[in-house]
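Chain IDs A, B, C and D follow the sequence of writing; residue 1 opens each chain.
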Amino acid sequence: MALIADYLVQGCQMLLTLLLAPLLTGWIRALKAQLLRRRGPSLLQPYRDLSKLLRKEVVLAASASWLFRVAPYLIFSAIWVAASLAPTFASGLLFNWTADLIAIVALLGTARFFLALAGLDVGTSFGGIGSSREMMIASLAEPAMLMMVFTLSLLAGTTELSAVARFMLTADVGLRVSLALALMALVMVAIAENARIPVDNPATHLELTMVHEAMVLEYSGRHLALIELAASLKLLLYLSLLGCIFAPWGMATAGAGLTAYLGGVAIYVAKLAFGGFLLALFETSIAKMRVFRVDQFMGAALMLGLLGTLLLFVSRSL
Amino acid sequence: MSLPLLLGLLLIPLAASVYAVAAARQPDCSRRVYGVTLAVAATGLGIALAHLLTASTPETLKLPLGLPWLGAHFRLDALAAFFLIVVNLGGAVASLFALGYGQHEKAPERVLPFFPAFLAGMNLVLLADDAFSFLFAWEFMSLSSWALVMAHHQDPANARAGYLYLVMACFGTLALLLAFGLLAGTSGGYDFDTVRASAITPGFAALVLALALLGAGSKAGLVPLHVWLPLAHPAAPSHVSALMSGVMTKVAVYGFIRIVFDLLGEPVLWWWGGLVLALGGITAVLGVLYALMQHDLKRLLAYHTVENIGIIFIGLGLALAFQANLMYASAALALTAALFHILNHSLFKSLLFLGTGAVLTATGERDMEKLGGLIHPMPWTALAFLIGAAAISALPPLNGFVSEWLTFQAILISPELPQWLLKFLVPAVGALLALSAALAAACFVKAFGITFLGRARSPAATQARETDRYSLAALFVLAALCLLAGILPGLVVDGLAPVVSLLNGGARLIPQHHQPWLTLVPVVDVKSTYNGLLVLLFMALSGTTAAVLIHRLASSAVRRGPAWDCGFPDANPAFQYTAGSFAQPIRRVFGSVVFQARERVFMPPPGDLRPARFKIELHDPIWERGYAPIAHAVVAVSTRFNYLQYLTIRRYLSVVFGALVLLLLGMVLWR
Amino acid sequence: MSNLGVMAVTVLLAVPATAALLLALLPDYRIGARLNVSAALLSLLAAAALLWMKPEPNLYLRVDDFNIYLIVLNNLVSFTTSVFSASYIAHELETGRLTPVYLRFYHAMYQALIFAMNLAFLANNIGLMWVAIELATLITVLMVGIYRTRAALEAAWKYFILGSLGIALALFGTILVYLAAQPVMGEGLPAMAWDQLLAGAGSFDPALLNLAFVFLLLGYGTKAGLAPLHAWLPDAHAEGPTPISAVLSGLLLNVALYAVLRFKMLMNANPSALAPGPLMVGLGLLSLLFAGLMLYRRGDIKRLFAYSSIEHMGIITFAFGMGGPLANFAGLLHMTLHSLTKSAIFFAVGHISQVKGTQRISTIRGLTVTHPALGWGLVAGVIAIAGMPPFGIFMSEFLVVSSTFARQPLLALLLVLGLLLAFGTLLWRLHGLAFGKPDSGPAMPVQAGILPMLAHLALVLIAGVWLPGPLVAWFHNVAVLLG
Amino acid sequence: MHGLAFDIAHFLAGGMVVVSFLMLYQDRLSALINVFALHSLVLVLAVGWQATIQDAHHLYVTAGIALVFKAIIIPTALHRIVRRLGIHRTLEVVGGVGLDMLAGAALVALAILVMLPVTATTDALAREDLAFALAVLLLGLLLMITRQNAVSLVVGFMSLENGLVLAAAGARGMPLAVEISIAFSVLIALIVIGVFLFRIRERFDSVDMQAMDTFREERRK
């Protein structure tokens, strides 16, 4: 019985992430519009886009291969699994131990791998631009992310997220330099990974500046829908990571009962909203940088992460 | 009982070699030879597997061969059994592949006699239990593989590769020879039991470690001893490249493990671990950076071998560091990670090289810039290659990720190490490892994307056909194994346990097979867990459900059209991104530092009909700073000495006279 | 029993001598070649017979543990070489490099050479041994000059001058040994007989012994081609007929080294004399490194392998200089295998240079393509001589290096450096010769007799995997004798 | 009596050293050959004296051989060769005579130094003889390396070999002395050198050894 409940909760989380993701995207877009004194679309616009895309037929480039058609599903499932394995409103769920933080990072890597391949598949120059730049950025972002993971796991003694979250709730964390460094690293990585300003502009279609958009240029219909959905899931994932690591308050623990779960959900949504607000604020306040300054940006993130880890390695023995 | 069986088994490939010398020109000779090697390797695999799993005590055997007063000692223990599995698995699959691939060989008489000998040599290295037989087999392995590298010797590049390879191999053997000289001592106790028993001073032990690093490292391709590897591995026929890259480098690692972990024994000094760790990290990153700069598919793979060797040595270095501090539980984790990665790399590197072989037979091209779009004519090869690429890029749920995950876990439990240097070194190496993993992903997006995706860049690529069924079978066996090892890591870890406990003073990881859902739980108190099986299930589930739902509820219509490409579709495949242009951002970020990469653009003025040219200059720092000077020095000195060949007789007489007078004076002064 | 042995000894000496006379009289070179082969075979059988029945030593001749296997080896190689020379010489006659008269002379001299070398090995009397070695030198001088080309004459002249200087020094050393022995052993023959000398060496005058050893080392060292006394060797190998090159490298060097070792024993037997080890180690290392460097710039294929002979003489001398059971064992093994391998290489080289009509390395390419048998034979030979398994020389080098490193690390490092150097340069040449695109040069048809080469290589291969018990026992005994 | 015997032997052996110096001093070929004949003559006397005082009769044979071959036949043969080749020009002495003399003196000193430690168990006669023989040997070698001409090379070598015979004769009761001297004289002096000089004359029109240092293909590379 309890087992079934656990399954249910896990399922709920998966659905919840799936449902909330477009909303988050819409929320950020709306906020940005507001901040720019525009009226902007409604919160539900992303849902409308998705349903429309889903219903349209797919126009497939002549030179596209089976990989091009499989990739969206792969990308979507990888990111969705990652998103639903990270604790959102409750920690210690049934399958949280399936993948720890490293595995989640790697799952995102899988998604990126296939996205980049899809960009190369049709054999257009823009796809190539997108893929190569994406991989360059990732080659720095992923280590930075892993350094952040090191920092956490050195503190919490584990790389498993709900355990980390539980640890961060305990008193003996205190304020640590390395945590701050890790937070900065994570934020920078999140910005890069989700193709936000200043690394990339999700709204642009000016060929030479786009990275993520260039890869998905050839996609249409349901494929595009899946990829858009995956993108917003990814954003959600990063925000919930930030939430459960650096603001783990109010998360329900496994088997806490329905009310606790609902409360958890409410707080979770609030966290997302706040995170989205910060992101929108940040994006509207700075300009996009040249592609070949990105490596310095990401290098900085990597250095921050490494610094945090080093501090911990050393301070452990003090 | 299984040891004599194995040794007897090894006679068969040698016989096959002899047969091949006689009958290489006959049409079905290649099929026969590879059939034999396939059978032999499969049997050997079975025996070794049985021995490893039934986990009996080591078997030893002494034959009246080799050094007369010593005899040839052989021994089959868990370590040897594990590496026998790696070797024979690779050998079996390569033979299977060659059943089809070998038909296209232009010079079978230069391949068939040496392939079985090569296989036998590698097996013999693993079974040898005294210094002489070990080095004998080791050098025999080098020699036979050299012959295979020289198979297509009419291409001067291959000949050069073969020469460099053999000289480096001889260098490595001599280093190991010196190491064994120290271990055996003046009494000449060359059999490994005596060596294990005899104590050795710390200074000598450190020397042995250094020599083992030189000897085994030069064969495994440890930076800066790797220079021969990316030349020699691609030069050989592809199934041999697969063996050399996927398997022979592992035999080299075996040599290192056998000497340092087994023969040298206690005491281990902490800085050994540091040294090996640092070397591993540097090797990993440099290897992948070199690989990113390559356009030759096989050479790219060879450089990735260097990278993976680095990862393996990171694991070994951690294990040494832990053992030095008597933290055997942690050492067990690190060792498990290293051994697991050894197995994984042998799987996917063989897979990738064999895939390249398939491409090579289909198009006759190794240069990625001339390939492209091969996924259309050869979808199955593409699929297998894709799995291999994903595996080597350490993507879940495949096997490459598991071993890297284990290595990360080993790094994460290392802050307990007391030494300060290690405290700084380990996280830095962790960063290097992460970096190399990410770069590897980038590199294989390039390798697969440019080779198989897009549109064909040359007529050869357009006329490609799917490869034969033997080759496909070989490819998919390996692909399946990559997936299995990825989703059932617990079983592999349990299989490795006897090896680990052998090398680690009895300590091993906790049994995994009765964990719920076969989850991987390396260390209990650290609650980090990973479950590839579930990840795969979830992904499959969500992916299929999404697909089904969409096709049911939403549209499933597809219309083919020209690529959109922001409105100006380019007809010409030459407009595609090439390997060079794909690597350009990373080259700008890293290459400018490491390789002094410069881009020279020649843009003719308007009205000038010359084509615009774009050239990339790369410098290999290690070759230019390390090896070229030595070569020049030898040439210079020998040229300097050469005049001694043309003296007048009077001069020669004077030399003798001088020697005589000198010795007489010496006699006078000696008193 | 022993009188059978005496018979065998007489056969060993009488057959070559008489054969030499007969061959000098025989006009037809075909019969000559056959007679040559059969005489060599006969003396080989006699030598083999000695293995089972040793005669009692007298004051002139002696068969003991040390020389018996060398005698067998000597006659074995000279037999195979005679077989090879039968096929080689025929071609020389066709191309007109030799006239029948010279062939007659050649065969006679060949047998005389065998006689001289057998005598040198059998001699129990240091004076007799000296005479034998001198005889061998003079004969080889004549053989080297046999082509009478400008280069050949120069080589022979150089060889003659340096060789006879070495001989002279050796003689002086011999006289000194006698002088050292004479007060103890009394005047006359006993003071020049091995066994007696060895017995009494302990009470000889050390100063005289030391002086003697210096002269003997230089004298016989010149014959053994140790640097810096090697100058005659490359040219003599390059310019003479290839069978003679094979005999020079395979046997004559051994003879000289054998003499040096005999006197080394004498030195060891006298506690207050200086230890011969360091001198030999020094000369050995010098030869090894020097040859390794010189190999690189060689343009003539026979000179190349001549230098490799210098290198290996260096290794062997080094091993004996180091001493100790392992190193001595290795030295003896190396001596045996080197003469087998090197002569095999020269068999291959001889036919190759006939086929290509040149000895210039730069004009020979891709042999494994054009002449698989010869090409792969050469490859196998070079692999073997470079000390790689499965061939036997690997074993001896393994023993030398490993046993040295534990005792004298620095020396071992130098040794390894030399080995690597020589290996690299030799392999570099091999790659040029055996691989690569074959040039479309003139390829004359030659019915190459590759049987001797294969036989030698097979022996070396077997030795690499398994050494027969009696051989090992012999090596051990002699290793003990050598101290 | 023994004293006298010793002195004479000493005198003769020393005489050989002196004659060796004379040879070093010569710079004309024919003169050199004559001095060599003298050298051999002294050798004959020395050996003969040794024969008498050791009453070892086989040494007379050695002396006879030396007399016939070295003192008579070879010099005349060499004279004929020289005349036939028409080498009457002076031959350049490498480094000059003075230096040669100095070097020679040093060598003699070295020879004596080397012989000093030899214990007196071997009778003094042999010791002195040996020292002189060694000196002669070294001087002969010096002669070989300071002359450029094949003939003088041969002469130098034979003077060296005279020293050897002297040593052999001085070694009391040394067996095979005759055989050895025969082996030397006959084989070397007659056959080979004769044959060689003949051949060489055939090929090169001078016997100057510079002419024999031909170029070999390695040098062209």
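Simple rule for what comes next: contacts are C-beta pairs under 8 Å (C-beta built on N, C-alpha and C of every residue); 3 or more make two chains touch, one makes a residue touch a chain.
What you see is a predicted model, and the numbers here were worked out from it, not measured in a lab.
Listed by label, the chains that touch chain B and also chain D are C. A comparison of the C-D and B-C interfaces places the larger number of contacting C-beta pairs at B-C. Centrality by Cα centroid goes to chain B. As a whole-number value, the distance joining the C-alpha centres of chain A and chain C reads 78 Å.
Separation between the centroids of chain C and chain D, computed from CA atoms only, is 31 Å. One simple way to say how far apart two chains are is to compare their mean CA positions; for chain B and chain C this gives 44 Å. Between chain A and chain D the centroid-to-centroid distance comes to 100 Å (mean Cα coordinates, whole Å).
In chain C, the residues that reach two or more other chains under the touch definition are 157, 161, 165, 211, 297.
For chain D, the set of residues touching two or more other chains reads 114, 117, 141, 144, 153, 212-213, 216, 218. Among all residues of chain B, those that touch two or more other chains are 642, 645, 647, 649, 653, 660, 664, 667.
Chain pairs that touch one another: A-B, B-C, B-D, C-D.
For chain C in complex with chain D, the touching residues are 125, 127-128, 130-131, 134-135, 138, 141-142, 145, 148, 150-151, 153-154, 156-157, 160-161, 164-165, 168, 171-172, 175-176, 178-180, 182-183, 187-189, 192, 205, 207-208, 211, 297-300, 303, 360, 362.
Considering their complex, residues 114-115, 117-119, 121-122, 126, 130, 133-134, 137, 141, 144, 153, 157, 160-161, 164, 167-168, 171-176, 179-180, 183-184, 187-188, 191-192, 196, 199-200, 203, 212-214, 216-218, 221 of chain D touch chain C. Contacts from chain B toward chain A in the complex involve residues 372-373, 375-376, 379, 382, 386, 390, 393-396, 401, 405, 408-409, 411-412, 415-416, 418, 420, 423-424, 426-428, 430-431, 434-435, 437-439, 441-442, 444-446, 448-450, 453-455, 517, 519, 525-531, 534-535, 538-543, 546-547, 550, 553-555, 557-566, 569-570, 573, 575-577, 581-586, 588-589.
Considering their complex, residues 94, 107, 110, 113-114, 117, 138, 141-142, 144-145, 147-148, 153, 209-210, 212-213, 215-216, 218-219 of chain D touch chain B.
Residues 642, 645-650, 653-654, 657, 660-661, 664-665, 667-668, 671 of chain B touch chain D in their complex.
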